[in-house]
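Sending over a structure as structure tokens; questions will come in a sec.
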Amino acid sequence: MSRGRGLRSNPAAITSCVVVAAYVLLALLGPSFSPNDIQTLDWNNVATAPALSGSHWFGTDRLGRDLYARTLEGMRTSLSVGLVGSLISLAVGIAFGAVSGYVGGRTDRLMMRFIEVLSGLPLIFFVILLTVIFGHGRHFLFVAIGAVGWLSMARIVRGQALSIRRRDYIEAAVASGAGAARIIVKHVVPNLMGPVIVYAALTVPQIIMFESFLSFLGLGEQEPHASLGTLIAEGAGEIETAAWILWIPCTILAALLLSLNIIGDGLREALDLKDHPRS
Amino acid sequence: MTAILSIDRLNVSFRSGDATVAAVRDVSLEVAAAECVGIVGESGSGKTTMFMAVMRLLARGAHIDGGIHFAGVDMLGSAAHELNRVRGSRLTMIFQDPMTALTPHLTIGRQLCEVLVTHAHMSWSGARRAALDMLERVRIPDPERRLRQHPHELSGGMRQRVMIGMSLLCNPSLLIADEPTSALDVTVQAQIIEILRVLRREMRMATVLISHDLGVVAALADRILVMYAGRIVEGAPMRMLLQRAAHPYTAALLECMPDLAAPRVARMPSLAGTAPAPSERESGCAFAPRCPRAQARCRHERPLLRASGVADHDVACHDPLGA
Amino acid sequence: MHRYFLRRLAGAIPTLFIIITLAFFLMRLTPGGPFDQEQALPPEIVANLERAYGLDRPVWVQYGRYLAALAHGDFGPSFKYKDFSVTELIAQGFPVTCELGVIALALALLIGIPLGIVASLHHRSPIDEVAMALAVVGITVPTFVVLPLLGLVFGVHLHWLPVAGWEPKSLRHLVLPVTALTLPPLAYVSRMTRGSLLETMRSPYIRTAFAKGLPLHVVIMRHAMRPALLPVAGYLPPAVASILTGSLVVESIAGLPGIGRYLVQGALNRDYTLVMGMVILYSALLIAMGLIVDLLYAWLDPRIRFET
């Protein structure tokens, strides 16, 4: 498939892949390098700047907690939310779009109208509404975030499903008496995975950004757990005294988002997709 | 008489991936003042590309070699502002598809007047008068209303007439008409040709008429040049070409033109095969694979364009007809 | 053209209606009431409060009363800010947010479009590459990262600008928030303008314009810009959405008393009516934007005017 060749000739994308791989490794193995955990309050070292000597490489915050450990936890949160969130939006989007595109007719029109109405508004506000109802917290976060990505996914999937519907093997399946559900699962879905993978790759950074945003506002991850968003929020309050609490998670988040976007764009170019809403 | 346009050993090629596509190969020609030269050839023969090069309308990736001189201006060597003095005023071009050639969001009046405002330094209101006159000259009824309309409110034939009018506003010395009738219905074609004939005579302007349709060219041209695979293969005064074509390709083209007066034939004559793609390399005469008179020599040695012995009649063939 | 607009308006109203209904019933789904956050109140007091706020009536009645109140521009009382109604809070905060947002949008367009034009004219040159790389950064780095960092550099280290706070009629306080708010839509607009202009310049009618001997700036401004700006016009509603979202962050960090801050506070405090009021307001704004954009489309492309 051309995908591999396309990416290999894109130096920015390669660098980004390396960066993301480094992130994953760091998130998984990083804590084992440090003796500190995310909760211990080290009263001897309150709000100290980053130093390679000693054990607080990234410094500490106002409560004496090790920033290195907390940053790694934040990275773990972002990566896991990004992964789970996009899997959820992938699943929901595919289910919705495949059914809508394959069944067609009034059902399709109705489902598309539903998506249109929802996409007209920034979901963020509705998610905020939901946090008011259901409270903030980790479990809810995953659901709320899945709510973000599935809309555009469903649209893409539906478009693909519409074109797949007319293909020969579908007709053959229908003629052999297979039911709609079976056809959708066994024939439609496997054949639309190509562009879908690319869009899934592009939703990961969106989801990570969304989670950080919610956490930043205080509506996401709660104490004592850390998300890059909560760290940044904390840092924003300390820029005059402990600036490292701000710029370390900021840099990490920005680099992660940039890398993921570059990879997504690279994948999109390699597969030569033209109708992405974001360009 | 000095030529108004002289093209000297022009080569135009494009880079496409790894391949180099040669669209125009070593073409030289001259157009005299008030002369109408017809250029005939299939698509891919390079006829359009050549004149796009003259107008400097080719994209940046085009590689142009040779000399193009119009009324003393070196078209290939001049800077943009020098070209813009000449383009649209003394040297104009109209294009094949009138449906897309006009700017959709500007009124007809605006698009006509801007030529005069830019080149003749008229005011917008002064230009309007001239634009109205021109619309009448190209036989567009109710010109006042048309000036206020947008292109999509006019039919194809009317749009082409607007294009013609637009190109004549500054009394050009040379008008290049690239397939002006190809996108139009037959009845409309005849009207356009008639307008071109009348105006050309009235304004005593040189014309280059490019077409794949020999019939259209024959209606207007004084002299016809036939192009094949990027080269000129024959050039002669119109009547001579039609009656005594020397190049086998020209002869085949003439044979393909249906003659309504002649008795019906069982099978329409057609020319077998296709022209070589511009990216293919040349070996010998490009027409040899399709030529009924081809000899061994034709496949190795490319025939040069030279005088055939009859005045003003050039042909590029090792064994021309009637020789 | 008027019929076209009226039809769009007619389509927008049901959407707004659905949003209001959805918001209302979502709110009612909440387990527990808005007074749970306080220390445990004796049930009689809770009952009194509920009666005062009209929460003891059946859901349908509450819905009807809410709609009726909305029609009068009354969003109900704020549960948290006991002395204020939501409408009053909105009236206080809206001008600030509006000022912020309008400036950001205007800057995004006024700077982004020319940047896009320049980039497209220098297609494939270093200027183009650099500009587009910067645009990518502007789009991907979130506002809540940009603003504190800007504050760190310009406020703390360089002492040029105040980091937070707000005084009426003080421009200095707006510089950093507006900058942070403007960057993402600016990046988008410039990228979009560049791409769209490159595409438009390939059109046949542009070739005609050049053949007429028109100078480059005339060809671009008179012939190419209007069609090229169509996608940018289409981007306006998402741009407004992005600015509204960004204002949540910006107002919270910089301490600006706009409605964005109220929304965040309301969410944290579980202040139903406030959050609902905000959501409805934002939705109405976006729908209005959509209608304005439709009008803009019709102006930019005369062909649309005639398709009713």
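Observations on the structure shown:
Order of writing sets the labels: A, B and C. Residues in every chain begin at 1.
Keep in mind that, in the parts below, a residue touches a chain if its C-beta (ideal position, glycine included) is under 8 Å from a C-beta of that chain, and two chains touch if they have at least 3 such contacts.
Just so you know, these numbers come straight off a predicted model, no measurement behind them.
The chain occupying the central position, as judged from C-alpha centroids, is C. When every chain is reduced to the mean of its CA atoms, the largest separation from chain B belongs to A. The highest number of C-beta contact pairs joins the chains A-C. If you average the Cα atoms of chain A and of chain C, the two centres end up 23 Å apart.
Averaged C-alpha coordinates give centres for chain A and chain B that are 57 Å from one another. Centres computed as Cα averages put chain B at a distance of 54 Å from chain C.
If you check the complex, the residues on chain C that touch chain B are 203-205, 207-216, 218, 222-223, 226-227, 300-303, 306. Residue ranges of chain A in contact with chain C, taken from their complex: 117, 120-122, 124-126, 128-134, 205, 209, 212-213, 216-219, 229, 232-233, 235-236, 239-240, 243, 246-247, 250, 253-254, 257-258, 261-262, 265, 279. Put simply, chain B touches chain C in their complex at residues 55, 57, 80-81, 83-89, 92-93, 95, 97, 100-106, 114-115, 118-119, 150, 152, 163, 166. The touching residues of chain C, when paired with chain A in their complex, are 15, 18-19, 22-23, 26-27, 29-30, 136-137, 139-142, 144-145, 147-149, 151-152, 155-156, 163, 191-192, 195, 237, 241-242, 244-245, 248-249, 252-253, 263-264, 266-268, 270-272, 275-276, 278-279, 282-283, 286-287, 290.
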